[in-house]
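My questions will all concern the structure given below.
Every chain is named by a letter (A, B and C) in the order it is written, and numbering of its residues begins at 1.
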Amino acid sequence: MTTQQKIASAFAFLAVLLVGVPLLISATGRSDLYYTLTSVALLSIISAGVWLTFYIGRINIGQGAFALMGGYVSAILVTQYGVSFWLTLPIAGLLCAAASVLIGLPILRLRGVYFAMVTLTLSEVARLTALAVPITNGAKGIVNIPLPSRLTIFGITLIPDFATLANPRLAFYVTSVLLMALCYLALYRLVNSRIGRICQSLQQNEELASSIGVNISYIRILAFAISSFLGGIGGAMFAAITQSMYPSSFGVADSINFMLNCFLGGLGYVLGPMLGTFVLYFGWDLLFQTGVFQLLIYSSILIILMLVLPNGLLSIRLPRQKQS
Amino acid sequence: MEQVIANGLYLGAQYALIALGLTLIFALMNVLNFAHGQMYVLGGFVTYTVYGQLGLPFPVAVLCSGVTLAAVGAIIEKFLFGPVIKRSAREESTMLLAAAIAFFIDAIILLLFGEKQRGVPKIINGVFISDIIIMPYDRIAVGVVAAAMIAAFVLYMQYSRPGRAMRALAQDRVAAQLMGVNVDRYSMIGFALGAMLAGLVGGLLVSITGVNSGIGGPISIKAFLMVMIGGAGVVGGAIAGGFILGMMESVGLTLLRNFGDVTYLVIFVLLMIFLSIRPNGLMGKPWG
Amino acid sequence: MPDILEISGLTKRFGGLVANNDISFTVKEREILSVIGPNGAGKSTLFKLIASFVSPTSGEVCFRGQRISGLAPHKVARMGVVRTFQETTIFKTMTVRDNVIIAHHLRSRANLAGFFFGTRTAQQDEAEFARSTDEIIDFLGLGAYRHELASNLPHGHLRALGIAIGLATNPQVLLLDEPFAGMNHEETRRAIEIVRGVRERGVTVLLVEHDMPAVMNISDRIVVLNFGQKIAEGTPQEIQENPTVIEAYLGAEDEALGI
């Protein structure tokens, strides 16, 4: 695909999402789909973060902790300090990035299963901390978070107050899709630039990368920080949409799901996490019909999938790119 | 003070058993058994059924837990982990499989036993009271049994033929194969053994703390913490990790009681600092 | 010619094993110096110490008067001391061209953000890297494989690629770890030409090798190690006539021959 073709496809995709889908929903009256699709968009942002850590050769099962942290940062700033939601979005991301730098410094040199273990415990510890620390209001969580307020720059209203909108769901949907597009665009650019090559060199041979002057620790921490940033903003948006935040909002199971999203979508492709999130989320949702058997069937399908396709979904779709 | 130590020891013995199971599986197959906590819960529920519901003697119930989990472990290894490990070059696949299995066992437990907390009648009534410590008899009994099991396990691994085969396998897979160790068979035995240990602890502890379907995940995490502290893949490390975590929990619960449940946050921060200095845990095989 | 590298009292212990014991020598700028010795003499460890992939137990390595031992390896590479690897170490899933382009990392004037946003400096860098890459690829005779996946290269060319990667960093000192290993006569002859060419470009070359004829042919000076210690230093002529060296090698050869 040439660059022009890629740009055209991207625009077409966005058009479908931003225009086609709302038309479809208003025609069929399924406005509950807004929440579903918004969730998919946000979860794919968070999963993209996990994908980036895969890209530097680490298995990250701790993203739930950063989503949780991002959500709480936004919730606390909005409810207790009256900060505009739109400002809390980048703040949440940056604070998560900062936290990940602190955590990353000792653990990023670990590899494989060891690194995965540490990040897994991070997910659980985040939940326990949210339960224990007073500022997060413990198990009761933070509720009744007001809808995002107006965003004005120089007196011009860029984004109206969500409370004034007739259909805030549509507004959240549009915001999330745009955010997702932005994130994936940035990720795509990152991966195809020199930085992406450097990460690849890290992944393949750390010693050789060192010998050509790549500062391995720095790159790893940078990637991890960006990854957590994505987790943070995803979590913050979730807080705004669900208007609540509980210690159980993001936990170990979610971290595992983010990893699953990446894996299923294919670890070699930037759009992998988006596809994986979509499939898994709708898969899980569809299974809701089965009631108590939902988890059983879901996990069985996953097990079968692992047995049959140990290398992810997209690896079968684009065989010509499957070189490794 | 002595009370704290006594509690720590008691907890430590249980935790060490859990960690031993996990580390054995890790040493043999380089697989992190995410479902370890769920196996513990399953063991608890089996004992609950056999001892609590059917009224059979407690030791029989615990034995049933062990056997059930050994069977479950063997099946999982032979039909799930074994094939996937052979087919896939990526570590993520086995990890995701482990996660999926954990979900699966969680689902089964929910379906069979529901969400409620279950308990069983005390196995020994009464409390040991002295000037320095107070400890219910059943805890002492369970602690002693756990310690005995740890000793038995260590001896088994050290001196028995399967034990030696498994240790060879853990050290160097290829060399072990060349020496005639049936890798497939011993992987299965090892996994079954690891699962059995988890089941046994579950069975023992259901008599004291009860069991419910939701604690599987957190227990897996605790097991990982122990293995990280003590070092993955090493028997001594698992035991050390188990006792250290037990002790830290005991200390934390007593000292930090006023600050809310920050015990685990503190443990985690300490772990971060510890891992910066010693990334492989106390005795671990170099990894990474 | 001034000294570009100064190795003083370099010792490395791994637990009880002393891999390098009190090794000292200097390297003159733009010379080709070979380090030889029987197997297990400690040559690889010496290389790792010089490029700072390993820290010395005692002693130091100085580059143009500045201490480099103990610094992080990527920093030492930045300063101009670059190492190639003993195994055929390249980036397997990238093309030959990409392998060399990415090795230009050290020459970039733009920073990471610049590369992300595609600033003018970054674009200039990319253009320069492309030009330099093509030049280096041609210099090493890899032109035909330019767009080939690195893992598909035949063995001799993998070595050349390793050297290309080293050259791309614009080094002042290049450490070649067994560059002639596994090569036949013809390939070795070509490789010797390449190493000479590298020196012509102004690079000081340090090499570890087993191929004696090649070493004698190409080196200005030779350092001989045995059992972790330096036993001789001098021109190829001097080394060939040095009784200690002959004994060290004869003894080893006897073992190899089973006498």
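Following the convention adopted for this analysis, a contact is a pair of C-beta atoms (placed from the backbone, for glycine too) under 8 Å apart; a residue touches a chain by one contact, two chains touch by 3 or more.
Bear in mind that the values here come from a model prediction, so they are computed numbers and not experimental data.
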item: By mean Cα position, the chain sitting nearest the middle; value: A
item: Between A-B and A-C, the pair joined by more C-beta contacts; value: A-B
item: Chain B-chain C separation of Cα centroids, rounded to whole Å; value: 49
item: Whole-Å separation of chain centres (CA-atom averages), chain A against chain C; value: 44
item: Centre-to-centre distance between chain B and chain A (centres being mean Cα positions), rounded to whole Å; value: 32
item: Residues of chain C that touch chain A when the two form their complex; value: 51, 53, 72-74, 77-78, 82-85, 89-94, 98, 101-103, 105-106, 108, 112, 115-116, 118, 122, 126, 149, 165-166, 168-169
item: Sites on chain A touched by chain B in the complex; value: 54, 59, 61, 103, 105-107, 109-118, 120-122, 124-125, 128-129, 131-134, 138, 252-253, 256, 259-260, 263, 267, 292-293, 295-296, 298-300, 302-303, 306-307, 310-311
item: Chain A partner contacts - residues on chain B that touch it in the complex; value: 26, 30-32, 34, 80, 83-84, 87-88, 90-93, 95-97, 99-101, 103-104, 106-108, 110-111, 217-218, 221, 224-225, 227-228, 232, 259-262, 264-265, 268, 271-273, 275-276, 279-280, 287-288
item: Chain A to chain C touching residues, read off their complex; value: 189-190, 193-195, 197-198, 200-201, 204-205, 207-208, 210-216, 222, 323-324
